[in-house]
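What follows is chain A paired twice: with chain B in the first complex and chain C in the second.
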Partner chain A sequence: MKALDLTVSPAPHCHCGARITRVSYNILLALIPAMAMGFYYYGFDALRVVAASMGSAMLAEAAIQSILRKPITIADGSAAVSGLLLALILPASVPLYLVVVANFVGIVVGKQCFGGLGANPLNPALVGWAVIRITRAWAGYLDFDLALVNYETGFILQYPLAVLKAQGSAGVAHFSLMDLFLGKQVGGIGSSAIIWLLLGGLYLVVRGVIRWEIPLSFLIGVAVIAGIFWLGDRTSYGSPIFNILAGNVMIGAFFLSTDNASSPVNQWGMLVFGFCCGAMTVVLRSWSIYPDGVVFACLLMNLFVPLLDKIKKKQPLPPALSPVTPPVMSKSAEERSAS
Partner chain B sequence: MGLRSFFGILPPKLFYKDVSAPVELLPVPEKITLLWYRRTPSDLAVGVGTEVETGQDLARNGRGPFVSTVTGHVDEVNTFLGVDSREYLAVQISADQKDNFDPSLPAVEDLSEAKPETLRASVNRAGFTALKSIIRDPRVWPAIDALIISVLDLDPLSIVNQQIFRDNTDQVQAAVELLARTTEASRCVLAVPDNLAGIASKVSTGAATVAMVPPVYPNGLPEILAKNCGAGLLMKTYDTGFAGNTVVVSLEHALAMVSSLQTGRPMLEKTVTFSSGKGELQNFRVRIGTPVGEILKRASVNPQPKGKLILNGTMRGYACFSDEQPITATTESVHVQEPSEVFFFQNTQCTNCGKCNAICPVDLEVNLLGRLSEYGIYDKCRGLGIENCVECGLCGYVCPASRPLVQFLTRAKQGLSEEAQEPAGMEEALECNACGPVCPAIRLFDTESDKEDSPKA
Partner chain C sequence: MKLLRTFTKGLWEELPPFRLVLGLCPVLAVTKSAETGLGMGLAVIFVLTCSNVLVSCLRNVIPRKVRIASYIVIIASFVVMVELASQAFFYKIYESLGIFIPLIVVNCIILGRAEAFASRNGIIPSALDGLGIGLGFTMSLTVLGAIREILGAGTLFGTQVMWSSFRPFTFMVEAPGAFISLGVLLALMNAFSKTQQS
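So, the complex of A and B:
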């Protein structure tokens, strides 16, 4: 048969057009409003943190990949996304070297050590944040009440969750839920822009970039467990709505917990994962020494992902193959037991 | 052809085309090539130079049937690596324009009275190779639970059965009845795509039920039809093809079977849909064995260098390297892609996005299977139900990392079936033998060097 100059490859011969880069760039797009709100309230300081964070995340990825002689994949945007996410949960006043260190640890230890995009069991942005949080000398920088004391923002300069922890629900009575929803609260550069995060997150759901299961069950998890605490003791715990609107819950539900590699892929796994993230968040808020628990809740649940992925209907299996026994092996085994 | 709007919340849907294209009959070409899977020239009763008649069985006694579709003389006999990378025996025949029918294939006398066994023997003798891929084991014949006659096509780019249904509505009823009698199936289903409901309502099918099927890929695949038409999953096994008692026959093959019962003539022609990036779908009816180049010539489309020539559709089909590739009884469509339309897989790692799992019609964990196969861990694939994969190609179609998922899955399946045929890794182990002297548990292999060392000797 005469061969023509044609391309030959296995099926399928067409593609729906989805690309990894589009996932990352859509997430960046969805985060722009929240980021802009951070710039509006905290000005140049916020810009500085965001730029340093995204830059160092990409630099870290390029550096480790060139050291390991792997193809450099910063163009896929995943490093930029984790850099931006880390920046958005940090206060605007954080020193830049911290941002750089956190990103390097997050990308190198949290992602590339495991084999890069898709193989990371933990969300690199969360790893970076956790490193700052658990290093005693740096943890103070994450205290929003201290960090943001010098800004003029026009809303109450107290971190709602810290107030709740210290004074109980009476202390947070003067926070209007509407203000919280509109993002007029102290918090990370972008994580307090609740309404914009919600809209950005819904955009991602509609575009099919993230699946609806995790955000929905995350919010339900927060609401249900917070509701139980609240009904038990209304003086020390916040209402479910307050719990959803304050702190990192919104960014956690739509952006931090939905990272593809570190979340389950099957539907029931996702639902359980989201619910447990939400539940764990409230438990940490109520009983741990930290005012907010979203990041640790997500990190903890990340570790359960392989287990959660096992929640799946069993496939019908074909009849077992008749076992083929190597003749020589059975003979010598018999000989052995005989002797 | 894919629905990928701004809203991505639902997985993309591939619709079967709802268009009608008249079938154009192409003349018999000068040369045809007949393919026979995994056979050697010794299975043939004819050699180079033998004169053959249309419908003549070319196989040596009892090894066939392997039917000639033209009258002429055998030009060449050789083996040939098919586009699906399997070994075929290829018989090239120079065709005369006039058909002399082999008289040894009589029509079944008195069809309405004939016994099912007689009918079945006649269908088998007529060599329905396409059917054979579904009923590979003739012993399956006596025990069919459900017979599904499908008006759906295998690929979104093919409109063969649809068109035949539109053109031959009046013959459908008789065909269904006759086939139900031939197979003695306890249930008989005519599967029709939703868009042809109007025509289907005109067919009275007697004992058979009409199942309306949404015209969405992969609903037309035999395995999915079997699953959705209430007959249970068709399950593949390694040796007997399909375990399970459902038979799915496309309408075109059903009509061909009926006409072979009536006239004694085997299936000689096949309808294929031709499509290219631009232009309408076209239906051509060609003699089985016609080189695909004849269709390209008639459609006046020339594959560009570095373009693709695809048989059997973009989702499950295979790319050819030559326009001499013959049309077989199972070829449903011919598609030509420009070089710019060619999609390239990439060696990217899985990002665990789960899109493949969400779209898989048999609900496999494709992300895991792909990775297991990539690293050669085939035995774990079996526990995840890899045999249930119908190779629909949807996982590869949606994967944002452009991973060759179907290739991974077929490789694992192939690995498993090779393992099933020979004990795993025996060959390599015998050659290396490093484990023998040091193994604390049992000595695995008794080889020459081993005997020399042993104190007994």
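So, the complex of A and C:
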């Protein structure tokens, strides 16, 4: 009998054509409206930060990969995405060397030291941001109220979360929620364009680039915990809606926390991850020294991802295993325990 | 020749924080500046050499079962000497090192050398071993401290070395900066010795 010509290979058998480039370029596409809003309000300064950030992220990736003699993969767009995400949460007036330092630390220490794309336990953009944020001598550059005081934007030039922190909820009464939603608020270059981030995020969900679980549970987490704080003390904490519409929550929910390598893979894991990100955001906003807590909340929860990945459906037990025999103590061990 | 090797191995092959990866707690904590790193290193050289010599002298007298306790007693007495001396003569360094001078007692390098080397070798090799390892430790601490101080404060041993408008990258003198700079240095040294071998 003639043997059939069959190929035997492990799953998956059929490739749907999805590549890293598709994910990255879709994310870049989804961020374009928010980025454009930044250019509209802050002009050339915003363009300068975005260009420097994307450029230095790709340069850092190419440099470290050529030093380590690995294939250079900047064309897959993942470095560009992390550079753009970092730029969008920075104020437009930030000096460029901060951007370069943040990107180099984020890409080299946060990503390539752990093995590159897919092996990074933390989101590289967030690592870069955290490094420049906790540098005390540079705090003034990243304080939105100080940094953006010289711009003509046509809306209130106060960072809503800083006002909330300083004056309680009475101080933020003059911020109209509609203005916040339309992106007319002080904040990062792109992170304040709430409606455009929401549309971009929904586009990604529809295209299947990101799953719906993390953004939804992130927003629910913010709303629930902010609601608890707000009901407890209405004079010092903002309402849940205000908390969702101000600061980095929208970019955090759809773009920062959904980085593929640093978020859980199972449905319940993703739901818990998103909820805890949102909850920690509100806790950090209320009690930490920083006005916003989205980035630190996401970084903290990134560390829990290996643990959250253990939440999964029970697998059927394998057929009866051989009974476990107690380990036999070696002679020397017995002697040691006797003495 | 063999004695020379006993001394020089501490300078590269068994360089404490980078090759043996021992004693990391003081390495991370006291390298905020080159000065504190150097001070800590000198204290460790003294304690390590003296304790190695004394342990080596007493190696046939100390009963095996209580050796660790005896080593700790020996080390602790030298540490007290260092602490009192630095309090009397180098008060500024004593203040900046703080709790880490008394903690030299439990520095694993010192106990490790007593256990692994001094308890098995004569007085002169033990002294050379202590000096070499201590010198390597001091060098590592000073270099790490200098890197962190230059980037994190713009100074070296307290004098300005960066340009005057330099806004220091204070991240480097914080705790996470210690971990990252230690890791980067370790990686560079491993890469260097790999190219040496091939």
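To be clear about the criterion, the second predicted complex is superposed on the first by the 305 of 339 C-alpha atoms of A that agree within 3 Å, B and C clash if a C-alpha of one lies under 4 Å from a C-alpha of the other, contacts with A are read in each partner's own complex, and residues count from 1 in each chain.
By definition in this document, a residue touches a chain if its C-beta (ideal position, glycine included) is under 8 Å from a C-beta of that chain, and two chains touch if they have at least 3 such contacts.
This is a predicted model, so every value here is computed, not measured.
Once the two complexes are overlaid on the shared chain, A:V101 sits against chain C while remaining clear of chain B. When both complexes are overlaid on chain A, the residue A:W138 reaches chain C alone and has no touch with chain B.
Using the contact criterion defined above for the overlaid structures, shared-chain residue A:G115 touches chain B, although it does not reach chain C. In the superposed model, A:A147 lies in contact with neither chain B nor chain C. Contacts of A:V265 after superposition on the shared chain: chain B is touched, whereas chain C is not. Once chain A of one complex is fitted onto chain A of the other, the partner contacts of A:C14 are limited to chain B, with no touch recorded for chain C. Using the contact criterion defined above for the overlaid structures, shared-chain residue A:R207 touches chain B, although it does not reach chain C.
Shared-chain residue A:V23: touches chain B; no touch with chain C. Listed in rising order, the residues of chain C touching chain A in the complex are 167-171, 174, 176, 180, 183-184, 187. The touching residues of chain A, when paired with chain C in their complex, are 101, 105, 109, 113, 131-132, 134-138.
Contact residues of chain A toward chain B in the complex are 1-20, 22-23, 115-119, 205-209, 211-212, 260-261, 263-267, 309, 312-319, 321, 324-326, 328-329, 331-333, 336. Across the complex, chain A is touched by residues 1-2, 4, 6-12, 80, 83, 233, 235-238, 243, 303, 305-310, 314-325, 335, 337, 339, 341-345, 348-355, 357-358, 362-365, 367-368, 382-385, 387-388, 391, 393-394, 396-402, 404, 406-407, 410, 420, 422-423, 426, 442-446 of chain B.
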